[in-house]
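One structure coming up, written as structure tokens, with questions to follow.
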């Protein structure tokens, strides 16, 4: 029973259908009608002018966004547990040509204006120091926690105060919005976010994430950077079609709600053992080695988070029976 | 009637089927069973140990190969019309961190040992010059022409003599092999090629090319470089499945033969006007502006190559009726 | 008798004196009073607001200038014989993070608006091509020839027309101005040059070149880039002092006039054999292998330029007797 | 009275003399006899085969060393207070093309095998993580403290165990050796150090540091990297002469002993207020804002280290009277 990762889930049927409907001849790269529809689709969703493009991975989306925000001698402020710091093999350094990541703390993998301010205060001024000129937060965070609209706005106010561009890694943005019950804009651009890596692959897509610029002129540089990074696929229409299918009828929200609900059931079963509040589709549970072994023996697949905890991830297709089985097993420990 | 580019063609039905057959849960990235099968599949095809990986674009395949071959202060020798020089927005410079491309000439976009040697002789020795340590040729060339096994081997001998690693950009490798009627190994690794960008997207695939290392240890560095470039997609099984489908029953060759045959019909109709021999699926035809306008008026879509010529490209799905219509129109000029 | 290169000549006594006069305690990096005087010194020399900094080499000056002009995915137009293309081990690619050099021709290593325009016309438009956004010319050229004020202005007009930033590699700028007899501004910024690598090392300095920005805001980025490249020396006052000594009383011009005059004598002696007009301090002479051997036998040191020619370079300290001896030897061949 | 930094001190007379003695004509770059003597000079000093080169700054020395040790997707383990992390504007990221610095703690800015091991344990395995393949320590540390031969060897054993290349930033290596009273080899290569940035500028030099490779083959790559970074100065003989003068008769040790002794006198006067043991030429003293103001009022120049402390640095030329005056003033607080 699969609780390893949402990125192992299959592709949603509506996405398959949309891809096959894009199979007619079209101009290559992103000259097709599907790619051309992205700007309008996201502008409608966020109720403001957006410029959007498809890319094949969250790493590419994050790093193209950062490359549009910082010069090589500058730095990005992010949480010490951020995906860009820990899980991308130094990709931000590659795309930005060596810009540094400056790491701040914060509970549940979320920065606060206070932790950000404290870290920034330790960065010197002058040419021997890399100026911090961008801020990146993750929505939902690496601990499965969510920035409320107020928290996003507080980070945005901090960014404006310090003159920082503001990026949001939204690999699980759908889960965050589903949890918050607010508009996607309230969870991002209304709080000052200028570029959003909007994830779809973990949420029922195949191989297309959206990089959405709320500061639309940032996309010009990124068009070249995407090509230069080998990310301008010639049959881009199949990527655009995936994204449009996810947006249609709010499939992205429905899928995320399903995953969140499943995570909620697991969380309820592990109430006393939760390491982080469960606000999206990840559940971090304190479990001894013996307990983890017992769960695996019983057929549950999941990652060890460290020596004392496990991570369970639900997905758009999590099976109700399997979720209840896991909940029951956790209660029985 | 579409003769713009083979990269605008749709996806072959067998590829669709294979992708959908990969839809069950599998480990992410390239930990799935399809990705794991690539090494064996290419080792069988080339009758020698190969290490292979999927990537989303030919640019990524080419540049990851070059990044495994040269240091940042070194250089790659290639034809002045090579795709890596002219059509990738400086991607080789990005992936190699600034290595130079040193440009040689040669008829029909093909280097010869003589043109390569002459260019290399003009590169100085010493730390003020970038040492040339790799060679890259395109099979079929940007002019739609093919290196025979003997020509590949002659370039390979030159590479060995000069201590150069040897890369082949095979965006249309299938068309080249279909034309030559030889084994894929004879058109590449038997002549000394150490890394091949084996194209499938132009030949019926969707978004997966193979990077095949005949010097298998080169893949270790490339696993990190691929992740670092944002090219390690989490649902890689859908890319692997495309490639396996193309290899199965030599679909890649059947598709290329169809495209080559269509190009042959067009070439026969434009015999006196051909700028390059037609050996793959591209036909370069001397045409006045008025003639091009007339063809477009008649419903044919194609690129102007320069002010005096047009390029017609056929694909795995070129329609026999449309091909004959174009042939007739060209004869009628 | 040394005619290998002007960069092998010793340091001028006035430079030594100025360096020793800077020996008192001063703030490090470029916080000292000598470094602080550079802006005013160059602003006076060029009769316009300049921002200037010292760097240790011409390569560093050139590449820091280019790094301030182009993004990594863009390109610089330069002559195919330019020092930045042929003699800097790919340093422009390092400092610019992979920007391309696009090469134009032109007699005597000088571009013209015509050769530049013709080359630019072959660069495609769109994200698959690296946009050319800067122009770099060498004053005096690698063939020892000089752009007149009119020629500089013509290149500047071309740059403005095409939206290109305009850099001048002035490793031998002093020799060019000495030849032209014009103001240094007329030979550079009045023609549109925005950044000048003003060479002093070949002309009597020790290890300090000036990077002069006529577009002063370009220096802000470069302050960081210089530090980041390890070129912000802690005892910068000794570099600044060298430059100020060279400017004082137009020592830079006197030294260049001496070198040019010596080159003129050699040129007169080799009149029928000159490969390029002699307008600075380099003399390119057609000489057979036997003739070159004879000259070396007679004690003259110089570089072979290719199999049929030699290069003789004079310097600020060229000895009149040695110059006359070379002239006599050349006449006697 | 100057206690800001040793890098503001003047140049030692013996260095001046040696530079002027190098003033005859010599081949450019590092083809001269002085540069050629460096390998032997350092091989004698360290009693083993060394390959050495001059560079203009400690940042360049450090970063060229690291660039020879790690690939762009790898990482260097260093102390969180290391100069390469905090004071070089991201230069390591520039020279290594984006390699990461992974930061460990440790008292007095010194890592221990324990702090290094603990940090390394938190680095994941797999292509999403940057493999740590090099270790860099600072001798003396940024807190003015020294690694004993045993401590260096313990770090070296750790490096070997983990397969890490081992670099030492020796901007104040002379002060460390003077303190230890051991051989320079015992303080570096005998403990496993493979590349040493051997500082001279802070210790009486002008603009030349030595990069010494105890793994001599590492210098080949670095010859190209130095040129590519604009650090191959044409009149390199003046840099080599500085270094040779510092080595002659152990001037480097005499100068460091003088500075250390001066620091010792200041330390004795501030005994109860010392933040770090004083083992080299830096004294970190807890001082209130009022106390710092009083000292400045009395004519002493120094840096605030943070809101509660000041840093006093002595140099090869620290004046005994000024040192005693500072000691007296500190005692009188």
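Labels A, B, C and D are assigned to the chains in the order they are written; within every chain, residues are numbered from 1.
Basically, a contact is a pair of C-beta atoms (placed from the backbone, for glycine too) under 8 Å apart; a residue touches a chain by one contact, two chains touch by 3 or more.
Here's who's who by UniProt: A, B, C, D = Threonine aldolase.
Worth saying up front: this structure is predicted, and the values here are computed from it rather than measured.
In this structure, the chain pairs A-D and C-D differ in their number of contacting C-beta pairs, and the larger number is found at C-D. When chain A is fitted to chain B on its Cα atoms, the angle of the rotation, on a 0 to 180 scale and to the nearest 5, is 180 degrees.
Each chain gets one centre point, the mean of its Cα atoms, and the points for chain C and chain D are 34 Å apart. Taking the mean of the C-alpha atoms as each chain's centre, chain B and chain D sit 50 Å apart. In terms of their C-alpha centroids, the spacing between chain A and chain D amounts to 42 Å.
Listed for chain C are residues 72-73, 88-90, 94, 97, 127-128, 224, 227-228, 232, each touching two or more other chains. Residues of chain B that touch chain D in their complex: 29, 71-73, 97, 127-128, 131, 221, 223-228, 232.
Chain D contributes residues 72-73, 75, 86-90, 93-94, 96-100, 124, 127-130 to its touches with chain A in the complex. On the chain C side of its complex with chain D, the touching residues are 2, 4-5, 7-11, 16, 20, 23-28, 55-61, 63-64, 88-91, 94-95, 201-202, 206-207, 224, 227-235, 238-239.
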